[in-house]
Amino acid sequence: MPFNFPLQPPRASSFADQHDALFYTLCILTVLFTAIVGFGVIFFAIKYKKGSPADRSRPIYEDLRLELTWTIIPLIMGLGIFYWGASLFVTMRVPPKDAQEIYVIGKQWMWHVQHSNGVRENNTLHVPVGKPVKLTMISQDVIHAFYIPAFRAQMHVVPGRYTTMWFTATQAGKYHLFCSMYCGTQHSEMGGTVVALEPKEWAEWIANGGQSTVPMTLEQSGQKLYNSLACNNCHGVKDTVKGPSLMNIYNSRRRMSNGETVLADDAYLRESILRPHNRLTAGYGQEMPEYQGQITEEDVIKLVAFMKNLGMPTTGLPVSGTDREAAVTAGSKGSMSPLATNAIQYQQFSERQPDATATDRKKDLSVNAIAAQQGGAGN
Amino acid sequence: MAAIAHDHAHDDHGALHHQFENIEQQNDSYIVGMWTFLVTEVMFFGALFFIYTLYRSMYQMDWYLAHEELDVTLGGINTVVLLISSWTVAMAVRFAQLKNRKMVILNLLVTLGCAFTFLVIKAFEYAAKFEHHLFPGPTFGSVPSHLNGANSNYAQLFYGLYFGMTGLHAVHILVGVLVISALTYLWVRKADSVMKDYIPTELVGLYWHFVDLVWIFLFPLMYLMPKPH
Amino acid sequence: MSAIPVDKPVADLPNGHPAETNYINEFGGLKSWLLTGDHKRIAMLYLISVTFFFFLGSVAAALIRWELTAPAGVVMESDTYNKVFSSHGVLMVFTFLVVAIPAVFGNFFLPIMIGARDMAFPRLNLLSWYLYVGGGILILLGMINGGVDGGWTFYTPYSSMYSNSNVTLVLTGIFIVGFSSITTGINFIVTTHKMRAPGMTWFRLPLFVWANYATAVVIMLGTPVVAITLLLVVFERAFKLPIFNPELGGDPVLFQHLFWFYSHPAVYIMILPAFGIISELISNFARKRVFGYHFIAFSTLAIAGLGFLVWGHHMFISSQSMYQGIVFSLISFLVAVPSAIKVFNWTATLYKANIRLQSPMLYALGFIGLFTVGGLTGLFLGSMGTDVHLTATYFVVAHFHYVMVGGTMSAFLGGLHYWWPKMTGRLYPESIAKVNALIVFLGFNLTFFPQFIVGWLGMPRRYHYYYLAPEYQVYHVMSTLGSSFLGLGFILPAFYLTKSLINGRKASANPWGAHGLEWEIPSPPPTTNFLQIPIVLDEVYDFDPVTEYELDRAQQALEGHHYDGMMDQDDESAHRVEQGEK
Amino acid sequence: MATTPLSTNTHGAGGHDDHSSHISSTGLLVGVLLLLMGLMGVTIWASFIDIPSIGPIPGIVMNNLVALAIATVKAALVIWFFMGVRFASSLAKIWVAAGFLVLFLMFGIMGDYGTRKFEPVQGWEVGTPVDGGETALPRTWPPEGRTPGSPAIEQNLRPR
């Protein structure tokens, strides 16, 4: 492969321009200060070299004005950079209300992505261009970090609590996805591709789920799980002695046995599934088994999605009804964009990947082919 | 700079080491060194106390319930024992300053007795916890009645810190026992190093007071949680 | 302030030591070394052992660089690679960088510089070396017997619950090495406070002493925290005591807080003594009192103090609260200022100076450049917006190697060359040493500058394969190429310095014409340093550039040539002439 | 260069506090011991009463503050009298202060946990706030209401 010298990562999200502006400002400052210091050192070293006839009378050893100058100027510059960086960071941490939600689960050594309509991907993330996307992430084992260099977005994925990050892709293309927190043997292979699709292609892709069969929505698989775990035995349409009804539970206020009121949000629902005994609904005891360690985070997300819509009049999917219909129609025509085909291939590869050992993978020619393709696409 | 001769009294004091100029400098150095060491110990236990504070603020109720399994009476007795031992060490230092050898030995022996009492009581407490499956691990909480209704996970965190903190404290006590025994032996042998100067006794005393200090905080934190209300 | 340099050949000093008796030859036999209380001998023991660990760490580094030349690796499996980079980190950080300068040069010169016969607690000092070696052996045992992964940071829950490698043993080793640091720190603090010679006021202390004092304070307050944190991980692995276990409600991020509460100050433990050496070198080779002595001294303390308040800038994206992150970012920018002050002061020292470009000075000048780059790229990471993209990439790797290798390692080599004649009594070949300084500087830049770019492109650190992004390869190849030069730059001194022990020419008491108490006693120093404790009457770095210049001219006229190398045998005559002139 | 002959004992720039002349009296030490014992009793007693809320500070926090305050007083007594800091050099005093100061800095980590509830997006945690700004930290529920119908638990509660 011929060497190329990429000098900057692709800029493909709404943060990238602001981020790079700050980055290049800092670069200029670095070059400037290094030049000043470097020039000073070299110039003095030559001019005042031993034996050179330069004027050395009245040397200065301490000068308050000079000291203050090079204390205050860097201080002011530093505070300016601090303000700039901090405000950019706050932007990156506050997702807009209308952001489309995607769930990400990290585990050794792959990324599971679940779109809210149930489309699942491994080590790939498809996002629409021009629409803010909010990732809600959790790890099943150790700390990982979800890192998309082209989007200038990175966040740790921690076991035990949700972390979020958001971005708006601005340019269609395929970009690198990395795990950037050391997580064990195949840490360096826990990555893949982020595919940013134009809205139309995205609709097409999500409708097909990148696959020929229309997948179940999150909600549907949640319902299946709900039944198979026999949740419905206790949590029926109405409150029973065994357990409270979960109709319209989402975003409702629940009275706890200790008298406090809790908003039944995602976090509460998750807690109630995994560790129901932490907070008990008023009037109930510790009858429900704890599901901590029994079911995966994926399953929790499905169940929560199902519970969110229990008794709700609408489906509550983030893709609006008309969009979704259009998407389904487009998908049913059986035509897939080339990008979607690539994505499937990649996904198939990714699914194969966790079981392959490193040596196998090196031998697998298709791997290098795909890698090369990505490398090309990454620029 | 110049090097200029000046006398230093190398051989006047038997206990003066070659690097020091005089006995005041040497004693000062030892005291400052010991305090510096104790500050590192403060930071060492401080991190544990911080972890404790954080988790307790998170799991207040469960920790309250879990802590009820600890025996306040035994903890209280241990506190009294340690306070007395601290006092006897302070007395030993006092008598070392007065060069009253017999009283020093007596006080040190009482201190050792207190330390052993503490360790024995602690051993009984630990044994009970092991028996009730309250040591963290796979079988933790397999006798639910001993959890007093606390969430088993959070109770396990509590006992993790309980054994971690009191265990490290007990290790410090053990070290203290060794050091005090050595010191007592030197006094019994009428060794010059302790007889001529009270500083070695003072250093051991400082260490022992520190061990006592840690317990002064551990006791209310571990045994005396107020009921959340 | 006296305008006349007072450095004299030791034979003239009224110290009365027979010139041939020194700390090396006064007592013989291995036992006299292993049971010594002499700070100089302990420093030499440390020098040998840190060199050994540095060598092992460098081998690991070489393996890493080799493996990264191809996107799909060259020889290793991922597990092996992970163990290799973790070993590199652990060995370099815990057994080299934290220890090297304080335990070797600090041990050797701190008592001499303040005019003391020894450290306050010689036996504690020896214990510190044994703890260091014991801990180091445990670490090595762990690495040989199953290896260790997880990087030097040992983030939970990976290290506590998931790693199958020998984390327990290695962490125990690090814990013990930590106590070695603490004992050294206590010794430094007490010695600096209580053992200063008459007249050696705080503001007559050489800056190297200031630096080591500040380092000792940081060691004393920081090291116990990481010791207990790592011990808790050991407990978690060995006794299943759950502290950071997320399954039981523990918080893995808490580990990071406690770890960085020490490990950020630990960065200052690694760099502050280097600052001290650079101040010595700059001032002595520029033949001029360091510019802004008080500012450098106070900035050292400011760095040590503020350094305790910025640990969270390692954790901006770790899910710590962003409000806390903002505070940490602000303080991080504040702590950058004292470092800037130092760099500017060193540069200003060169103004109207009388500069000798001898090998230690070359390292010092290289240090200023490399540290400037390393420090300024720290701003990229302290600024929260850019940190989101750059953290945990090769940009970070390059940044801290600029500070740690370009900074601390340059200073270590500079100090080693500067004090070698004093420590061993032998002169090394100056011309090779100068070339070597150049090799280190260029090789270093070639190794680590490409890593800035590849990090900016998005290559995460601790990656074995990068076939997912093969466009990074070119920079890795450049880096590996540079690292072979850098390796050469580390091997060469080992040869020519060792060779100088065998057939190097004998050094005079003050071969550099430098200032400081250590240059007023014979090379190598006698066991008790000073037969009589000196009384300090003049200021630190008491040079006068004009006088120095005139002396140079006189010397030049006498010798008929312009000499710029180390004052070895030939030039010692010149040195005597110089002495005679005044 | 002036050379002044120097007598001994001016070594070091730091002053010397002479320790050996300060000997605590037995009465004082006994008094401190009794005071410590008394304070221990107060701590035990205070832990069994429910201190009512004072202003914005919840009662449970008050209880903890009281326990902490007593322990601090006890520690101060030990440090000041038993450990003899009152006689120690100012250097030793500075170290004692510095140690506790840096320990205090470490508790700055609490700043993270304390402000997480104001984050724009909540992670899942036990202390997740409910009802806007109100927080569930500390979590307070009376154990009586916890599990109706399981008297075993209530029996195990320490009688108040």
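Here the chain labels run A, B, C and D in written order, and each chain numbers its own residues starting at 1.
Note that in this section contacts are C-beta pairs under 8 Å (C-beta built on N, C-alpha and C of every residue); 3 or more make two chains touch, one makes a residue touch a chain.
Predicted, not measured: the structure shown is a model, and the values here were computed from it.
Colleague: Which chains make contact with chain B and with chain C at once?
Modeller: Chains in contact with chain B as well as chain C: A, D.
Colleague: For the chain pairs A-D and B-D, which is connected through the larger number of C-beta pairs in contact?
Modeller: Output for the comparison: B-D.
Colleague: Between chain B and chain D, tell me the centre distance in angstrom, where each centre is the average of that chain's C-alpha atoms.
Modeller: Each chain's C-alpha centroid was found; their separation is 17 Å.
Colleague: Any idea how many Å lie between the Cα centroids of chain A and chain C?
Modeller: Taking the average C-alpha coordinate of chain A and of chain C, the gap between them is 39 Å.
Colleague: Can you check how far apart chain C and chain D are, centre to centre, with Cα atoms defining each centre and the answer in Å?
Modeller: The computed centroid separation for chain C versus chain D comes out at 37 Å.
Colleague: At which residue positions does chain C touch at least two other chains?
Modeller: Only 6, 193-195, 221, 225, 247, 249, 251, 253-254, 258, 261, 319, 322, 533, 535, 537-538 qualify.
Colleague: List, in ascending order, every residue of chain D touching at least 2 other chains.
Modeller: Chain D, residues with two or more chain partners: 1, 3-4, 6, 11-12, 14, 91, 98-99, 102, 106, 109, 113, 119, 123, 125-126, 139-142, 146-147, 150.
Colleague: Which positions in chain A are in touch with at least two other chains?
Modeller: Within chain A, residues 93, 158, 160-161, 163, 278, 292 contact more than one other chain.
Colleague: Which word fits how the chains touch one another: line, ring, star, complete or other?
Modeller: complete
Colleague: In the complex, go through chain D and note every residue touching chain C.
Modeller: 1-4, 6, 10-14, 91, 98-99, 102, 105-106, 108-109, 111-116, 118-119, 123, 126
Colleague: In the complex, go through chain B and note every residue touching chain A.
Modeller: Where chain B meets chain A, its residues are 151, 153.
Colleague: With touch defined as at the start, can you tell me which chain A residues reach chain C in the complex?
Modeller: Touching chain C from chain A are residues 1, 3-9, 18-19, 22-23, 26, 29-30, 33-34, 37-38, 40-41, 44-45, 48-51, 54-63, 66-67, 70-71, 74-75, 78-79, 81-82, 84-90, 92-93, 108, 141-143, 145, 147, 149-150, 152-156, 158-161, 163, 176, 178-189, 191-192, 292-293, 358-359, 361-362, 367-368, 371-372, 374-375, 378-379.
Colleague: Would you mind writing out the residues of chain A in touch with chain B in their complex?
Modeller: My answer: residues 275, 277-278, 292.
Colleague: Which of the residues in chain C end up touching chain A in this complex?
Modeller: 71-73, 77-79, 82, 149-151, 155, 157-158, 161-163, 246-247, 249, 251-253, 286-289, 291-295, 316-319, 322, 325-326, 329-330, 333-334, 336-337, 340-341, 343-345, 347-348, 350-357, 365, 368-369, 372-373, 376-377, 379-380, 382-389, 391-393, 453, 456-458, 460-471, 473-474, 477, 545-546, 549, 552-553, 556, 562, 564
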